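Right after this note come the structures.
What follows is chain A paired twice: with chain B in the first complex and chain C in the second.
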Partner chain A sequence: MAKVTIDGIEIDVPDGTTILQAARMIGPEVAPPTMCYHSKLKTSGGYCRTCLVEVTKGSEKDPRPMPKLVASCRTNVMDGMVVTNGLSEKVQDARAGVVEFLLLNHPLDCPICDQAGECHLQDLSYEHGHYNTRTDFERRTFEKIDIGDTIQLHMTRCILCYRCVKVAEQITDGRVHGVINRGDASEISTYIKEAIDNDFSGNMIDVCPVGALTDKTFRFKSRVWFTKPVDAHRDCDKCSGKVVLWYKGDDVLRVTGRKDQWGEVEEFICNTCRFDKKKTSDWTIEGVREISRHSVISANKYKKLVKPKRLTINDIKALPE
Partner chain B sequence: MQLTNRSKVASVKTLNWVEQLYLPAIIKGMIITFSHIFRKKATVRYPEQKRPIANIYRGLHVLKRDEEGRENCTACGLCAVACPAEAITMEAAERKKGEEHLYREEKYAAMYEINMLRCIFCGLCEEACPKDAIYLTDRILPSNYARNRFIYGKDLLVEGTTPETRIDISGRKKDYEMNV
Partner chain C sequence: MQRKLLLEHIDVPGIQTYDVYRSKGGYASVEKALKTMTPDAVTEEVKKSGLRGRGGAGFPTGMKWSFLAKPEGVPRYLVCNADESEPGTFKDRYLMEHIPHLLLEGMITASFALGAHTSYIYVRGEFFYIIRILEKAIAEAYKNGWLGKNIQGSGFDHDIYVHPGAGAYICGEETALLESLEGKRGNPRIKPPFPAVKGLYDCPTVVNNVETIAAVVPIVNNGGEAYAAIGIGKSTGTKLISASGHIKKPGVYEIELGVPVEEFIYSDAFCGGILNDKKLKAVVAGGSSVPILPAELILKTANGEPRLMTYESLADGGFATGTMLGSGGFIVMDESASIVHNLYTFTRFYHHESCGQCSPCREGTGWMEKILHKILDGHGSSTDIDLLWDIQRKIEGNTICPLGDAAAWPVASAIRHFRHEFEAYVNHPKQQHVVSYYDHCHNLATAEV
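On to the complex of A and B.
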């Protein structure tokens, strides 16, 4: 066991836990934001640098602070470690810089993008980003590619987090896409158009933190905050069958996996569940999904009406003399 | 129980004999009444004559087009989510090849409806719009007998392409200086 202090909150965690996992155990107030780390994918993380934290005390044995900010998703905790995240000005400054770098080539097309409303980069830039860019050069642009019959790739929006590559590597058998070229020129590609036809390829859409990989069957159908998420399940021979149905009126507009509070899919679902079962009769409905009231998806959605107590004249206290 | 100390006892005064005639009071009242004939009128003859409207007046909405006559709206839904009265609904569609002269972005509003009975003319849709598409104008919402006539679709909201049918909103345009 190791005792670690994050933003002044102490917690005992088992050895081998990363700073990020320890912070998430405490709660969302101290957990650093992540773009490339995904708890269900091995070796994910370490690319995007949004989870940088400051270690002000290395450990009980070696109390020197770490010289540079560290990526919390890739750094294990030590006994007696003291970490600052939200309280550190250095971290906030660095994170704003990271966001600026992520947005260098990211287009400003949130009004068009289907991911808007559940996009991690949108949240991040809302918190740390600038409204203006400081660069003069053109953003790099790509043509839209259909990398499967149901998945569309907008390479322009990609931030190269490698999550979809890890999904293809770890969930499906045989990866047929990856990052080609190097450095500034690197891009996600399949080499051959429409090559991805794996049963679990649709999970790339769910893990994509931005709108680079989107569901073609949902394209421009609705904005996410006009749809109502409902938990449902079905007996599926390929996957767990636990999904979220996104309703608009009586129509299921799209089916996604269930995401936890960090926006990461709990259980991966198969393409049959995701793309082919879009009727209410295919599913056993469990109930309306709980949405954080800070999310835009909760807009215009109401729970049971609780009427305020009607005051009678006897409830009103007499004014003091 | 006395709640405040502002209450006053009303006087019940008996009238004297001049007051009991009522005639002086009636004449006094008539003078006031007739003097109003020579005063400036408080009303105008509305449809022919119109009062000036302030630039910030929030009347009937317009969906703007750009200089080339393409619709600005991309059906992003921000106006609908900003609307406190939930008056706005929309459906998006993808722009096809050959429609570039009609719509500015690759997505456009195939259906856009404002329920004018729900609308409270607060102008939050205009504030929310990232594409300069929706504006409230100095036009006044006309009355109607049928409730369903108050649901304004794109046919009533989108401005025309010719210069005469364009709707001027230059008085309402705000120039936000962001994050300087």
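On to the complex of A and C.
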């Protein structure tokens, strides 16, 4: 066991736990945001740098602070380690920088993006980004590519988190896509534009933190906050069959895996469940899916509403430019 | 007179061939190590010598070797980093081109110390002709019994393979190099685990620069203490410096660490002074990624002491008034050079070479290049200079590998020491006389044709 202090809160965690996992054990108040880390995918994380934290005391044995900010998703805790996340100005500053870098080439097309409402980058930029933009250069753009008959890749929106690559590597038989080119010209591609054709390819959509990989059976059908999530399951010979059905009226518009409080898929599901079973009669309904009150998806769905504070003219004046 | 350890026989005709190299005392260190020393004794000599990594970071080599994990039944590897791509550095190319056997000799001796039976030389893709030189030298070494099974009857087996890169600067970063060597995309790995524990094919691996491995030869031949006697303090031995830019005699010089910078620039034994006897303006002392220093700070430290060519003296004053020895790419600029234009050239390089794995470097390097281009085009504003400063600050230290730092430091130092030049570009863009290091090299190249 190792004792670690994160933002002043102590917790005992098993050896080999990462700082991020320890912070998540304490709770969402101290957990750093993540874009590329995914708890169900091995070797994920370390690329986006949003989860940077400051280690002010290395361990009981070696109390020196770490010279640089470290990626909490890939750094293991040591006994006696002291970590600051939200309380460190250095971390907040670096994180705001990372958000700015991620948005530098990301299109501001949220109004027409299917991911809007459940997009990690939206949440991240809202919580950690700046109000204003400091760039007026043209953003890089790519052509949309159909990879398979059910998934569309819109590389312009990609933040290169490598999650879809890890999904293909770890839960499917053979990876046929990856990252080609380098630097800011890197792109996710199947190289010779091959189709990704396997039973679990749909999970790439679920793990994509932005709207780069979207479900073609759902594209432009509805905004996610107009649909109602319902837990359901069926007997499936390929996967656990535990899914969320997204209803609009009586129609199932899409089927996704269940995501935990960190927005990460709990159990991967197969393409048959995801794309082919879109009738209520295919499923055993379990009940309404709990959605965090802070998510836009929960808007107008629950009785206990928290009214937003009405802004006065003084509040508006106090807003940063 | 400066002692030469690596380039002692560089002028001997035919030193590239085995016979001449052997007649000049070549492969003596292998003989000595295999027949009279234990592997630990060789490592001990390297530790005593105080040899520091010549690739740029300056980490003590003996310590790096002693960190190598030695589990039973798992092979260990030595990898020679010959992916020399730092702008301004060309010492490894010179060494491999002219005395390839020195590198091979060092590889065999070092591998013996580490217990590695296979080693790789990862050569930069652009050095295709050097691959042929090395292959020829390796064939000669096999023929004469210095490689293969049971070397010189000692019972030690060793094989060396040459592996060409595909022309990526990032593959000079040791973990990216290992990925590339394994046949994967050359992306740096996230550390820990370090290569000394899990390197090539998940086995313990030591990655050393060409010059570092070559330096093992004189260390074993003359003893670690003799090597440590050269130099000052913790900067021991000799170092190859690639001198380029506005100097009378550009080229590769082997110096004893501790030579004053002023002597190095102006003495006839080295650079021979500034071209056309102009005024010195600035120096990039250790390859493009280290901070640039103006003339007054490179010749003397902030305390007024003369600056020496050592790891410590060049770093004196931290990044505020100091720089680094780095890989020894010594770029001199005279008063006609434009710092802004030169910085643009460097930044364009780092943008082109970023691997794209982590976001600050992937996006930030391109952003800095665009802003510098805008300033050079005469559309910049003074907020752009502050923005540049802020971007480099957010890249530095927040990336997976040191490429982010390497891209940020030149920008930071150029703004720190030459902010007035940026402001001149912003305020009076049309009056700026653009002569960059890049243009200078281009002119030289075309003039020779």
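In this section, the second predicted complex is superposed on the first by the 297 of 321 C-alpha atoms of A that agree within 3 Å, B and C clash if a C-alpha of one lies under 4 Å from a C-alpha of the other, contacts with A are read in each partner's own complex, and residues count from 1 in each chain.
Following the convention adopted for this analysis, a residue touches a chain if its C-beta (ideal position, glycine included) is under 8 Å from a C-beta of that chain, and two chains touch if they have at least 3 such contacts.
Remember, predicted model here, so these are calculated numbers, not experimental data.
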More chain A residues in contact - chain B or chain C
C
Tell me which partner A:19 touches in the superposition: chain B (first), chain C (second), both or neither.
neither
When the two structures are overlaid on chain A, which partner does A:223 contact: first (chain B), second (chain C), both, or neither?
first
May I ask you to decide whether A:46 touches chain B, chain C, both, or neither, giving the answer as first, second, both or neither?
second
Chain A residues contacting chain B in one complex and chain C in the other none
Residues of chain B touching chain A in the complex
1, 3, 74-78, 80-81, 86, 91-94, 105-107, 130-131, 178-180
Would you tell me which residues of chain A are touching chain C in their complex?
46-49, 52, 67-69, 71, 74, 93-94, 97-98, 100-102, 104-105, 134-135, 137, 159-160, 178-179, 181-186
Of chain A, residues touching chain B in the complex
109-112, 116, 130-132, 219-223, 225-226, 296, 299-300, 318-319
Which of the residues in chain C come into contact with chain A in the complex?
168, 170, 185, 190, 351-360, 362-367, 370, 387, 391, 393-395, 397-400
